[in-house]
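Common to both upcoming complexes is subunit A, partnered first by subunit B, then by subunit C.
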Partner chain A sequence: MKFIVTSSELQKALTKISGVVPSKSTLPILENILFDLTKNTLKLSATDLEVSMSATIEVKGAEDGKIAVPAKRLMETIRALPDIQLVFHADLSANRIKMITETGEYVLMGEASDEFPTIPQFKAEEKLSLSGDLLRRMINRMIFAVSTDELRPAMTGMLLQVRETELRAVVTDGHRLVRINYTGIGKMKLKKDIIVPAKAMSLVSRSAEEGENTMAVDTTHVQFTFGNTTLTSRVIEEAYPNYEAVIPLDNDKKLTVSRDLLLAAVRRVALYSSSTTHQIRCTLKKNELRVSAEDMDFGGEAKEKVVCDYSAEDMEIGFNSTYLIDILSHIDSDEVEFRLSSAVRAAIVTPAKQKPNEDLLMLVMPMRLNV
Partner chain B sequence: MGWDRVIGQERVKELLRRTIAGRKIAHAFLFTGGEGVGKEAMAIEFARVLTCAAQGSDACGSCASCRKADVLQHPNIRLIVPLPVGKAEKAGDDPLKGLTEDQITAVQEQFAQKAQNPYHRITIPKANFIKVNSIRDIRREAALSVVEGGKRVFIVPPADAMNAEASNSLLKTLEEPPSDSVFVLVTSQKEQLLQTILSRCQQVQFDPLGEEDIRRALVERYSVEGDQASLIARLANGSFTAALELLSSDLRAERQGVVQFLRIVLSGQRVALASAIENIIKGGDRVATTRWLRMLHVWLRDALVLREHGEDGVLNVDHSTDLKSFVAKFPRADLVAAMESVERSIALVDKNVYLPLVLTGLAIDLRRSLSST
Partner chain C sequence: MNSQRRTPHIAHLDLDCFYVSVERIKNPSLRGKPVIVGGSPNGRGVVASASYEARAFGVRSAMPTARALRLCPHLLIARSHFGEYEAISRKLYVRMKELAPVVERASIDEMYLDLTGCESLYHNDLFAFVKRLQQIVWNEFTLPCTISLAANKAVAKIAAGTVKPHGVIYVPPGAEQEFLAPLPIEALPGVGKKTEELLKRHGFITISDLQQATPERLKDLLGKHGRWIFEVALGRGPTHLEEQHLRKSISNERTFSYDISNRSELESKLFGLTESVCSTLRSRQWKARTVTVKLRYSDFSTYTRAHSIPPTDDDAIVFRTARRLFREGDTRALAIRLLGVGLSHFEYEAQPQLSLYPSEVKRGKALQAVDALRRKFGENIIHTGGV
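What follows is the complex of A and B.
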């Protein structure tokens, strides 16, 4: 196997996919990057068995072949090289790799390509194109609420529901839930639900490129394509909890408040909340929201008043301040709207003004207040 | 062909082969039986057949899947072994996350050795039990779709190394078995497992290996000389792993130690006896002590054979001078009683009795039975 490539181009492609190479694994083969050359196209692949990424670059090919190259050493070498031409030569029978530059020669030992896990064969059942901006926005605003409880594996991923005219994304950890519905992304022929592991989604948000990206699904995998890079992930084969049942539709007490003001107030008051429960108390009166907390153990307490728009009857509701801070900091609108019903029922938080083609909803469970 | 990598155990092979042929594969198996009789080797072979692309009741040995399984690099075959607790490891972390570079290398090396020799006993420094995070990792993995098609096999050797937390976590998984997954729990101490886990596994009992099987395997695979192979096969007591350990240990020196011990016992030097015992137990290594006792057993047996039958059938052939002088000096030694006390001592070591006490007791018994006139 032999080809010529510039070091900067190789580095660019390697950087894109090296994120999936596991640093610690019982399978040493995973610490390699698979080089696969056909004519002038070099395909680089890496996998941690859950997520696989590959990137293609154009090179000047001389001799086709496949070999697994140790990722760490390769990356270090390429990074240390100036931007020059590089002759990559691999002796496939001995798994010996030689990289020759104008002045230097680097030899490293690779692994046979057939030991490398098969990169999943993918047969798309449905394909939709999404802008990189949308993907990034979607993931970054939801990923915080993904559960880490492996006893309920379904919730450790992001549910993507492909519907006729919309795409719905949902995450929840049982205490809070985020749902975003997107419309205006074309017409889909399939109705399909998949659960993508959180790890894959954060990689997608990191790799998504400007412009059009595509997402394709089949029964066992989901594949994202960004330019010449693809990311394929296994999906979680579990039933997602029926999230729609927990979203209350009849919350009639509406509270509109400035996001920044409330977030800052909650952050300050939360410093005085109990370190085990993180509980804060929200007291609602006409056009006034009081946020308060007290720490029984250390005897501290804090109160803040926030101006708001509220006209329903007075009420008190407790929240976990961490959850509230998470939610408020992931809504990007000046004003947020709370819809409440009673002190023991879920609260719905939405931006006061939704972005076009987007419907964002966050839900947070209250904490029961004593007294 | 493939099953040949496992020594003996024809009954179990046939059973598993039939299970596979009938495509009625339970979601969890429990392989039980003595140490080193090939439970793990069988589990790996079983996994290889289950993941083989040819889907037969034997692994084809030539598909990509088989080749990966051969070197234990198959993504669908997972070995869940005891691992050291990582630095600042929290519940839910990747079990390998907190380990140092050196520890990871040690783990990988052990796996590579296991791939080369399925009878290798995986020992990782500071790894005392199977962590609950390893079991959680199974759950995470099992929830995902299967990578390369076929079955996914989780091998848990030794299952008795799971701590309470890990056992309970595994139990949850066994209660709701993930699709396309097969668990193979391996243990030589079934009593240590939770009743509730036992009841959820199909149990497969392994027998101790025959001496002939071990002898042949030693000769064929490790080109050991016939005489030595017979001796080791006898000492190994039905365990191929023990046989391999014997092969790599300095047998001659250890057997010399046996003779030395008997001399001290019979001469009644108490101080020398104390230091000899100290030497044998090597700081409380029960496995080594058992092996040493077994050597003593074989030596006594040889003495008996020599006295009753003559030199034919003596295993410690290179010790025939010592044996002969022993028989000549103590013609009326009650060798059968002596062997019985050795057996009793082996049982006591197994039961975790304080080692110096066992050996001192043994020395007294031996002195009584051997020097009986």
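What follows is the complex of A and C.
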């Protein structure tokens, strides 16, 4: 196997897919990237058995072939090279790889290509076209609230609901929930609910390209295509919690407040909250929100007043400050709206002004205050 | 008085052959005789506690009962009553709390009392007070004990070891090095069999040998642990006591009366252990973040593995994690003699984060009801079904 490529071209392609390579794996072959050369097309693939990515680049091919190359050493070498041409030569009988530049020669040992797991072949029923902006925005808005609890696998992924004229995405970790609806993305024949692992969604957000990207779904996998890169992920085949049932409809106490002011106040006050509970207390009076915290273990307390728009009856509600900070920093609107009902029921947080075609809703459960 | 300048005074109270002493309260005819508390010599019972009369014959804790009986044919064997030992130990702790401001229950038969700053309360003679304390423990609990007084926990513990049983000793501040110098290295806490062998191979026989070494030398030999050994050899050690509520882990383990290789039987034992630790956890209103599983094969090789999960007190969640760890560990074609489950990294649940999904709330209430039933009718009244 032999080809010529510029180091920068190769690096660009490797960077796209290297995020999939597990840093430590019980299967050492997964720490490799599969090189597959057919004529002038080089296909690079990586997989962690759940998520796979591949990218193709054009090279000057001399001899077709396939070999698995150790990802870490390869990436480090390519990154350390200036932008120059290099000859990639692999002796497939000995799994010996040689990269030759004008001044240097780098030899590394690869693995036989048939050791590398087969990347699932994908039969797409239907494709959905999505802009890179939308994908990135959607994922970055919500990925923070995905659960890491392996014992509830459904919640470790993002629920994507494709409807006729709407795409809906949901994440929840049992204490928080984020839901985004997008409309106006064209008519889709596809009607499907899938749960995509969080790792796949973060990679999608990293790889999505300007312009159109496509998403295709079959019974066990989802595939995203961005230009010459594809990402295939197994879907999580579990029942997603009934999230609609937990979104309250009768929260009638409305609070409108500047996102920046509240976020800054919560960040400061949170420094004085207990390091185990992170609890802060929000006291609401007419047009006044007081945020306070005290650290029972080590002493110390803080309180701040934040101007707001509130006219319902007085109330007090406790939150985990970390949750509140997460939520506020993922809403990009000048003002945010809280809709509350009582100190023990979920609070709804939304941007005061939604973006066109977008409907973003966040939910956070309070912490019980020991009054 | 400036609290930083106060000389710390730490007492170590060690109950002499505690389990045997408790059995002797109930059956005074056991007094003055070689007695052990432990399992049956016919099965594979082991010695849990041995009277000093039995120790004279070479009988030691953790020795198979059958062997103890061979060493001392007229040995008396009392059955264990761990529930009673725990209850008595707890009562003693409560009593000690009346006499010292901070008390740490280091184990079922050992306590540390922080008497720093109590000098004037006890007539500026803390040594006289600890002698009286020994008398109090005997008069009120009929339990013999050894008490030591020193400037830190490590020295107090070592000192107690030198005067057991029924001894009292005081190592005055400043005299630590001199006191420790002639003692053998295995008297130091933290020097187990392996460390002892290693150190002896390098010519360290007594603590004075360690005192003359450099910390670097010990660090080279023992790694981080060397630093601790060096400090303790010089008579330095922790003075901070951890009270009961700061317990770091809850665990339960069982040595089976016969080695088990049937996986479903082992998993059902694992489930029983899980239930017991979770019940203790809930009684403290804690949630645990780390689950540890320990298993010992019939050839005595031991496997321990831990995994962290979101804080929980739910038997089912802990069990699923424990079972996974167990299955990862149970890879050898050997039967298993011991299983243990431990929980650690606690969170206090006084200000609970409410959950979005009501099923968790219901589950919590169900578990509380289970605990209440167990308290009233005993551990075996109710078990969770398969998960």
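Throughout what follows, the second predicted complex is superposed on the first by the 365 of 371 C-alpha atoms of A that agree within 3 Å, B and C clash if a C-alpha of one lies under 4 Å from a C-alpha of the other, contacts with A are read in each partner's own complex, and residues count from 1 in each chain.
The rule is simple: contacts are C-beta pairs under 8 Å (C-beta built on N, C-alpha and C of every residue); 3 or more make two chains touch, one makes a residue touch a chain.
None of these values were measured; they are calculated from a predicted model.
Q: Once subunit A from each complex is brought into register, does subunit C clash with subunit B or fit beside it?
A: In the arrangement built by aligning on subunit A, the partners subunit C and subunit B clash.
Q: When the two structures are overlaid on chain A, which partner does A:Ser93 contact: first (subunit B), second (subunit C), both, or neither?
A: Neither partner.
Q: Figure out whether A:Lys24 sits in contact with subunit B (first) or subunit C (second), or with both, or with neither.
A: A:Lys24 contacts subunit B only, not subunit C.
Q: Contact-wise, after the overlay, does A:Leu151 reach subunit B, subunit C, both or neither (first, second, both, neither)?
A: In the superposition, A:Leu151 touches subunit B and subunit C alike.
Q: Could you say whether A:Thr277 touches subunit B, subunit C, both of them, or neither, answering first, second, both or neither?
A: second
Q: Determine, under the contact definition given at the top, whether A:Thr220 touches first (subunit B), second (subunit C), both, or neither.
A: first
Q: Considering only the touch criterion stated at the top, classify A:Thr103 as touching first (subunit B), second (subunit C), both, or neither.
A: After superposition on chain A, A:Thr103 lies in contact with neither partner.
Q: Does subunit B (first) or subunit C (second) touch A:Ser311, or do both, or does neither?
A: neither
Q: For subunit C, sort through 26-34, 188-196 or 260-268 and name the stretch that clashes with subunit B after the overlay.
A: It is 260-268.
Q: Which subunit A residues contact subunit B in one complex and subunit C in the other?
A: Residues 148-151, which sit in both footprints.
Q: Show which residues of subunit A lie in contact with subunit B when the two form their complex.
A: Interface residues on the subunit A side: 24-29, 49-50, 114-115, 117-118, 120, 148-151, 153-154, 156, 197, 219-221, 234-238.
Q: Considering only the defined contacts, which subunit B positions touch subunit A in the complex?
A: 64, 67-68, 71, 73, 75, 79, 92, 94, 96-97, 99, 104, 107-108, 111-112, 136, 139-140, 142-148, 172, 179
Q: Given the complex with subunit C, which residues does subunit A contribute to the contact?
A: Answer in residue numbers: 147-151, 172, 174-177, 241, 246, 276-277, 279, 318, 320, 344, 346, 363, 365-370.
Q: Going by the contact rule set out above, which residues of subunit C touch subunit A in the complex?
A: Touching subunit A from subunit C are residues 309-310, 317, 320-321, 347-348, 350-357, 360.
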